[in-house]
């Protein structure tokens, strides 16, 4: 047994088949249609910072696990909002992390980090408290080399296309730079994604100000609902010109709602003048998903929906360190009733592509697979956040395939801001798919040749096709 | 490895045990206590239509999967309600289906179809776009032979008893014909099931008209609640005379409610005069489950409850093609609170047998197993629709056995209208049970002789006993 | 293959690793930080009663399964409340139980009983209807021997510490006796746990009377809210003096609520004067969890929360035989919103330790693991009741490890009143953990040496540390 068999079933029949299937998939180019890499990394192509700043401080999977055992985020280099000092010494952060390495046993973070150390940086020393400095120094040395600049790594990682995610208020300057360098623009290697939460959700911080900024950027009168929609359309055009093929929508629930123009206008205006409330805000968001689906049908952007994250559940963490540092948790999500209005309106329209994600694994069999397996417009996104792990990737296939098949799933997305972890994340998904397909073959449910075609579809052809790349 | 090992675990120890256990079960007669085969098929014993009309057009598992990839039901021969033309050329339908065969990889439909081709029709050619015509012609040729008439297949399938499902408004004429031919009636091979949804659910299309028709059929005054109950009792008697041993109830939720006669009368009358509303309808349905349980205790019909299907979720499909063509989806179901009133009233009464099904796998461990394992009247129905697949059949055993044991489960039901798929569906369940029991044996949790007795109980003795066949 | 491999995966690679890991864990002392053994058993150290009185009558896992197949609890020796006679002949009960032995195939009860017969009593005869008397006689003979007195078994079982559970109204007399004998008190082998449900839940039978009794015991004026809190604090002190290191809270839901003193006082007084209602009761319970968390921070008692049991769902059983005889069932539990107020207040305070249990397996991945993996105060309790079985113990690790790791789980608790089953319950957990870790090793996800350290942590070090033993 060698590391080559990582994550494969240990039963010899299945393992042999898994190896064979994985061999088909492992060298396929990476399609990364959804993620949060900062485009500045690739636009500037500057050397990465020290190993801790690169790998530990911005990874909330890591800092929340340490917080759960009483290690403060500030001591791990997470910036504070209140001016309290936080650790800035990379080596000190790295050692503190290494001391708690055992916490990550059995987690995907351990897998991603180990494989990143080994495959990206060529460090084969087993990581732990005793080897923390050795590993730190080795990675730091590599980071100083030109082959470890972002664009060089992008090539080495065999990424065909990487989509970042920007708000409509972003000027897309980094993407313009990428296009100028031959890296971006329509059909380019680095493209953007239209993510309008901060102008669509009336409860978003400074929503009214954001809507006003939209007017400045587009010349539309966003004090009116019609002008607001026109402004959104203009920004979508700008995003398409910057290479975007999809939009992304992070909502608390999956609720959708069909309102007529006068009702939508009334809600929009109520919020603008400060007369909103949570019910009105939910109704407006729900309606806007339908409105945005209509825009998708017009302009061809694939629509992604990410519902179910209770943002800033850990209020102390939010107060001290702000958003996106590990304080969110999942909640139960109702797709069957939530999506019904949208699907009734456009679910059978083949011009719409709606890729739906979940943080609620309990909906795999009961809701998501039956919906994706029954509406032409709907596809299942890969297991997302908290679920982007080997065990859940396997359960995802075990749960959704029987009702939705493989071809209503949209392929793996890494959804990460950790650029260096992209290869291992895709590799894990390919290995798990190889193992799942190997079991189908070993149980005589699928011939080997069809399994081999399927794994390449999952790794490459499906995401490329569904996301219109 | 050969196809004989279909669906068995590939680990050699478990596979060897699974083979041995399966050998005990595979030739047991089929008990099919719940399904939707049209009794006319067996009453008339006419040759089946062409392969597409037999296998593709009426199978909503197949047509919904194709719809989910943009292939219209009309192009697959599903009749339209609005007069728009639909495909009627069997071979054209068959080819269109074959072109999309890859969509069914990993689904139970693929398994059922492949095994039907092979085992029922003796066609061993691998199915796919290139062999579509060959397979079509081979099946068509068989269908013309007398050995492929319904009754001949029934004998070959080794079916001991098959229950169809009829509404109280059905005159049971086909069952009378079957009885006259020595095939039906009490203790016969083909029996009916009493399914009163269309007269129990005030929101059912034309409910008031159906209640009026009940009066015509029974001579009872169904304009009064007492007369309505008396009419239901008379129809139950007629069904019992036609061989029925069970009733079946398809409800949106599992809610039950104990009302006194005056409250029930008021709800009934409100609906009859058009003063109903959704809450009243839900209350009436909930109450009627308790009323029907009382009738079951009187007349001995085993009561089956199928809750949780959101009917006609896909409204476009419903508008164009009507009911039961793939537009339903599951929703979350609360059994613990929903069934409490009924179970409080009669759950410990051994005269009642209540077989409960689910579309919501998340209730297996939390609700269904603890209830079935704690009330004398309650049994667990086999995984139903969307869940009638190898992976879920396995998870069902893994989830419910520890709290409910094997003996509070009611055996496999195929729940199908696809007559030719009955053997393979039961075979899949037997194979999965063999694999599950093999693991218990391999992990030293159950001796082989007890596992061998158990698998015969599951395949034959339990459904026969629990459904009073 | 031998019984030594009980519950290990049958795949040879995994089995070999599981054996090696289990060898590390199997002789670790038992830490039993939560359970319901009657302390009188160990205080008095009297011989146990006959085998049926010891093993069958008080085990509601057993009596509910038999009830589910129509065997009355009274016929199994469960005392009646209404004076109706119930079986008292141990041998008759035992034979009746043995006749239905097949019902327990695949259940944890079978495993626990078989291993108890074999390992505790040295009875190797296969149990069943034919051997019922032989097994009964063998066990009865053993029970008469001094080596089978409770304290002797405690030593043989290698229990390091066992926590029982008492109400604040308990005078802790048995624990005083244990302390006097060198068995109890702080740091002792048998300690108590503070379980205040009967004085915290205004809907508990005789709550006002219990609150009054609290005044008698403490000298505080529990007619006032401040006095009530002071009385609770005094009882906690008494429990700590009797060795308690934790409190335990059985609530219908996981709801928590932060009220100010005047609001809490108003609710308390409303209930005392009989003006409560279900909403007020829920609010008071929810608030008290926060109040009790504050006390935990002060006095160091680890706080355990057991939500989600619908008590006395089977009302006939409750009416005839009372509480805790098998009539409870689980319900869905919302931890994400329920615990938010408590976690917002104290979730990041390392002085608080909150161990959360569940009856709702669907929350493992979606709620419990993300919360425990993101708050310093929260730990996951072992799968509880209905879930304390091999399949769920395995699914627990498969579901929570990826988000919470191993080190936010609090180790196995047996939660049992069946003293003789304690060793086998812990053994089952160790075997399942060995199997899970073996798979991680076999799939190259964890090195063997780390897995070996982890299994000892899970079996011994974690519960000992987290429960402050």
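Order as written gives the chain letters A, B and C; numbering starts at 1 within each chain.
In this text, contacts are C-beta pairs under 8 Å (C-beta built on N, C-alpha and C of every residue); 3 or more make two chains touch, one makes a residue touch a chain.
Since the structure is predicted, the reported quantities are computational estimates derived from the model, not experimental observations.
A rotation of 120 degrees, rounded to the nearest 5, superposes the Cα atoms of subunit B on subunit C. Judged by shared residue numbers over all numbers used at their interface, subunit A and subunit B contact each other through mostly different positions, with under half in common.
Centre-to-centre separation between subunit A and subunit B, using Cα means, comes to 40 Å. Multi-chain contact residues of subunit C (touching two or more other chains) are listed as 11, 362. Interface residues of subunit C facing subunit A in the complex, by the touch rule stated above, are 11, 13-14, 334, 336-337, 340, 343-344, 347-348, 350, 362, 365-367, 369-376, 378, 397-399, 401-408, 439-440, 442-447, 450, 453-454. Contacts from subunit A toward subunit C in the complex involve residues 1-3, 5-11, 64-65, 67-70, 102-108, 110-111, 126, 310, 313-317, 326-327, 329-332, 359-362, 386-387, 389-392.
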